[in-house]
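I have a structure I would like to understand better, so I am pasting it below and will then ask my questions one at a time.
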């Protein structure tokens, strides 16, 4: 590949938090350039946002339909390679489907769709087209998450027995939807956000992380959802008991009313021989607790060859003590995705590390998780099977 | 009161962990002296242990029955004032009942008894005799736990919405009962330990702490218990969803197979305006997280007058930065209990701070909690009512 | 400015740590593009490195002289706007001077030059040309460092009395210069590195940070340098007592033989009313310690309007709890520098925030610091004046 | 020994912070009883304080001279065994000397005396009488400090190169001497406190800890003392460069104007192979940083046999995760001292662990340290020899 990959954006106009994050992540490693966008449904915002990204006027589109159609007609050496969808939840499915139909690979924010059924439709389309979809479960991009997964895989912790994954945030502990917070506004509206609030927004991250790190699958769960802040229309808090396919048990907590918490995703996994603990707000440390010796603090860093797994090393940029963070974890998804696309476009086989990004199957499983949690919450029976 | 209070001990011979802890706690503040003991059912151990405590030979008893009988016959100015019971769980009820029948106040290790019914019998006896019983829920003795409770009471956190209390330990992640660990041996045996393992041993501490700090009561729960280590005969791990009487929800985790964890009791309480976090292994800090400003680290210390509540200050001995720990928390229970007994023996009214120790009602509630958790675990229904 | 700024690189070929960091930092915010480079003195490496950056073949230069000459001849709408110099220390001065002579702004790694005299020559050239130079004292780019500076400026800490700045690293605790570590090789060689090792490499960062945060100036110092690892040819450890222009005192520690430390830069500043502590390895927290109330943990985050200073907010990209790190701090330097250049090229006045990057005067002062420390180390007198 | 040791107290009446600490430390392990006291020079306070300790009226003395004389005349089976001196600094020497002259062992607060000469007089008296003196350098009583010392001794860190010991407190950052703080009042007065403030009060602890942990001796130093708070009459802040007898260098910081700090004693020691870090406010963890692998967190706890040194294990009371603190560290001094006295009174040889308490030689060296620091501070030469 002797050029940067070309990316188009749907959504992500000014003041959109996650769109800016995607651009930083895509820019960071110099492998991708943003070439076009349908950045807002508001024409003025779309235009203004496109110019601030230095897009050529003719590639600042006013609708995603226009963008997908026109980009398709461009010559191959100009046309975008993939599209990134960063619109509110309700506007993920249709652009994704249309992109696939027009031959573009897709990067999508999560949750993938509003319903499991939509997710399955996308999966079928992908199977048919052979195109690629990446779902931005950012937290799996951190090097110390990779290291935890490698340790579990290598059997260093022994048989896994218990998983505790928690995701407390506090930003909805007061009613913010009525105010000017644009991230809150659409999340409050079931039509635009889907049937679940907190559990879809961050519970799915937690569930993905638990399965990603352990390599296990949740088989049954028992959920209790709440609306704690008066005026919130969807669940803003939930607690879930978990059973895994190897007999391990677990707990998943997610809350947006944990007052004063920022983005406190944490996972702990305990096996027969050892346990790990990873906290997203101090992401460069992985605590490893042993049955027979004292705790070690495993650290991210490019120079820890021989100490870290290949998977972790591949996802580091700096030596130990030069902290990488959320944007680098995000960029790791893009870097792996770009490496995979470049390899496939060049006719090479992508490495395992390049194939390590959340894909359509994670998107489908996330939607199934949301539906299972909602079913369990509505049920008087203790356990609800999680099949997918 | 112009003398130290006189304490007798049942159990607590050499190599008994918790007996030594009780003695340090009772000694520390110079308010109590150990005057007699029935320290072991093994006569040689009893004798040896008594001598190592410098007890007079005639007050080194071989059985608790002998001790209670003979102490009763001593003149009032020699007789012990109260008895501390630190035997394995199955040997709490009978000595406690006999002590009450002979007019002695009681300090008992938890869980109070093997069954709720026994606990209720003790409660009735106490109501009849007017004697006092203290149950050593140690963790409620920490000054920063008092501070957390004071903050909740004063409404500083607003209406409480969510409680997360967790108690991971790792010491049973390998089968230790067959080995020489004397603390493990009786805990493995349902006849001596009761119907629950982990949940009775440490889950009750967690439940007590949650109710103590919040002032709320658990009304329903959904429990899932496991035996993770092959060879363990009782639950060594459990997860419980909680509902509280004000509509708050919560999660209680307890585990003795969380490999590599020491004694990692932690509580988080979130209200509308703020949240608190307290971790037993760094007990002199209370993290306070606000909706509208940055987190504060409230610290224990005698000189923080004006910053800490009276309840917290009363339970500190040193200025900030001179860490107090587990033994001081334990000593706080004894100091308050001794203050209360001294006041009552002098005909004074004990202060609120002196009355702040876990009592018979906490013991009864703890036994009810165990029974409710076991019932829920055995049930297919999601929620089991917790009444008591 | 309706285009990205165009950057050329001198140095930074493959395996060069800091060159890659500069590119990530420059790329991240989509304001700068790398358009040309003289990436290595080894032609094959230069070519290969240029291609991996997707540079056009004709702008992959083999020497910096060639690059500066040829770029100057390009039309204004293609020519690079500024050059970034990431070569070893000895090769900073000449390219920088030649760039200025050819009308290019300069970004330079630190230390600026090998001698104070060279630094002063650059300063005079800059004064004459009106061009801009940025020195990458990265650590001043962190938002919580900006916040600390703002607090000091606003008088929140009261009169400053004591500064403790320390920079322990461990990577030279074993002799690595003889091995294959390319970062170590030139640092070992006084001809290429300069007269000081540790103190020039990281001590200057610490001194800059101390003056940047406090707004004070070091006026006298007392230094003791050591070569601890046999085979190291320059100082690998040093301790310095400091006096500041307001009467405050301080200590500066720098070490590359603090075995097991990564990049543990920390600063503490104590004033009459409060103190701050900031640690580079957990850079999103600023501990603020008050005389009259409990410690607060101030946190970086775009949404903390009203709680953080404008200077801190301007240098954040993500909401609290989405950690930013070293690369973002580095990118803040570039973003401010780019904002300043764009404004000036558009004829606008740059904002205070855009002008907030380390400049030629910081570079001169850094060289003076190195010379003063070396003089003090060689002296038997306690205090050496620091004038510049 | 079939009885508790008998202790008398000089000083330590009500409101005396350190006297109460000594009593808790002496009481804790049930090996010592307080039998008499000259608790205050104010007769009413003395009487009241004695009664609150339940002392018999006839052993509540009004002066230390009376106490020493009368106790000496008591029969051997009643007479106190040793005296603890907890008066302000100026009142250490005379009671200690008189106690020794009357055949009593001594426990003394630090600094031992007002001058080095007095300390040497005590040393000569002790050599002549064969009596024992313990100086309460509390911080050397912590188990993790013992562990650090054991690691250095066993060569696990390799040759020691650098020592950083710091002791920041903030309580004098405002003038408190004029107010009601009784701990501050006498410390402000050179007649009662000695020629140094901060450096004598806490700098000596830091110096002792550095030498205790490393087994090295300071041979030269370069000191800079300040009076930062207007109205303080003695140094309230100081920075000292250190040279050790093996070529290691170091820095010692002590401050009582580090606003917002509690009692933040920390030591870091770096050797060729590894480094350790210990922080008094979280005393149950010892961070061990390795050249070749990730950091370990060594933890205090009775059950860590095989993992901890004998010296550390001997000074623990509880299993890991049941935090011990300042009072237990203090009690370790008393427990070792009591074990040593009991052994010697029984004609047994005390174990190495029992002999591990700060003694007269530490007291002499502490006084020499103070005098050396004052001499260096007054000198324009960089280095002052530390001989003693």
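The letters A, B, C and D name the chains in turn, as written, and every chain counts its residues from 1.
We adopt the following convention: contacts are C-beta pairs under 8 Å (C-beta built on N, C-alpha and C of every residue); 3 or more make two chains touch, one makes a residue touch a chain.
Protein identities per chain, from UniProt: A, B, C, D = Oxidoreductase.
Remember, predicted model here, so these are calculated numbers, not experimental data.
Colleague: State the chain with the largest centre-to-centre distance from chain B, centres being mean CA positions.
Modeller: If we average the C-alpha coordinates per chain, C ends up farthest from chain B.
Colleague: Weigh C-D against B-C on C-beta contact pairs and write down the one with more.
Modeller: C-D
Colleague: Using mean C-alpha positions as chain centres, tell me how far chain B is from chain C in Å, no decimals.
Modeller: 55
Colleague: Determine the centre-to-centre distance between chain A and chain C, using the mean Cα coordinates as centres, and give it in whole Å.
Modeller: 34
Colleague: Where the centres are mean C-alpha positions, what is the separation of chain C from chain D, in Å?
Modeller: Here chain C and chain D have centroids separated by 44 Å.
Colleague: Where does chain D touch two or more other chains at once, residue-wise?
Modeller: Counting only residues that touch two or more other chains, chain D contributes 261, 295, 299.
Colleague: Can you list the chain B residues touching chain A in their complex?
Modeller: Those residues of chain B that touch chain A are 157-158, 161-162, 164, 166, 168, 170, 173-174, 222, 224, 226, 228, 237, 239, 241, 249-251, 253, 255, 257-261, 268, 270-275, 288-291, 295, 379-383.
Colleague: Under the touch definition given earlier, write down the residues of chain D that touch chain B in their complex.
Modeller: 2-4, 17, 20-21, 23-24, 27-30, 34, 51, 53-54, 169, 261-264, 280-284, 299, 301, 317-328
Colleague: Would you mind writing out the residues of chain B in touch with chain C in their complex?
Modeller: 293-299, 307
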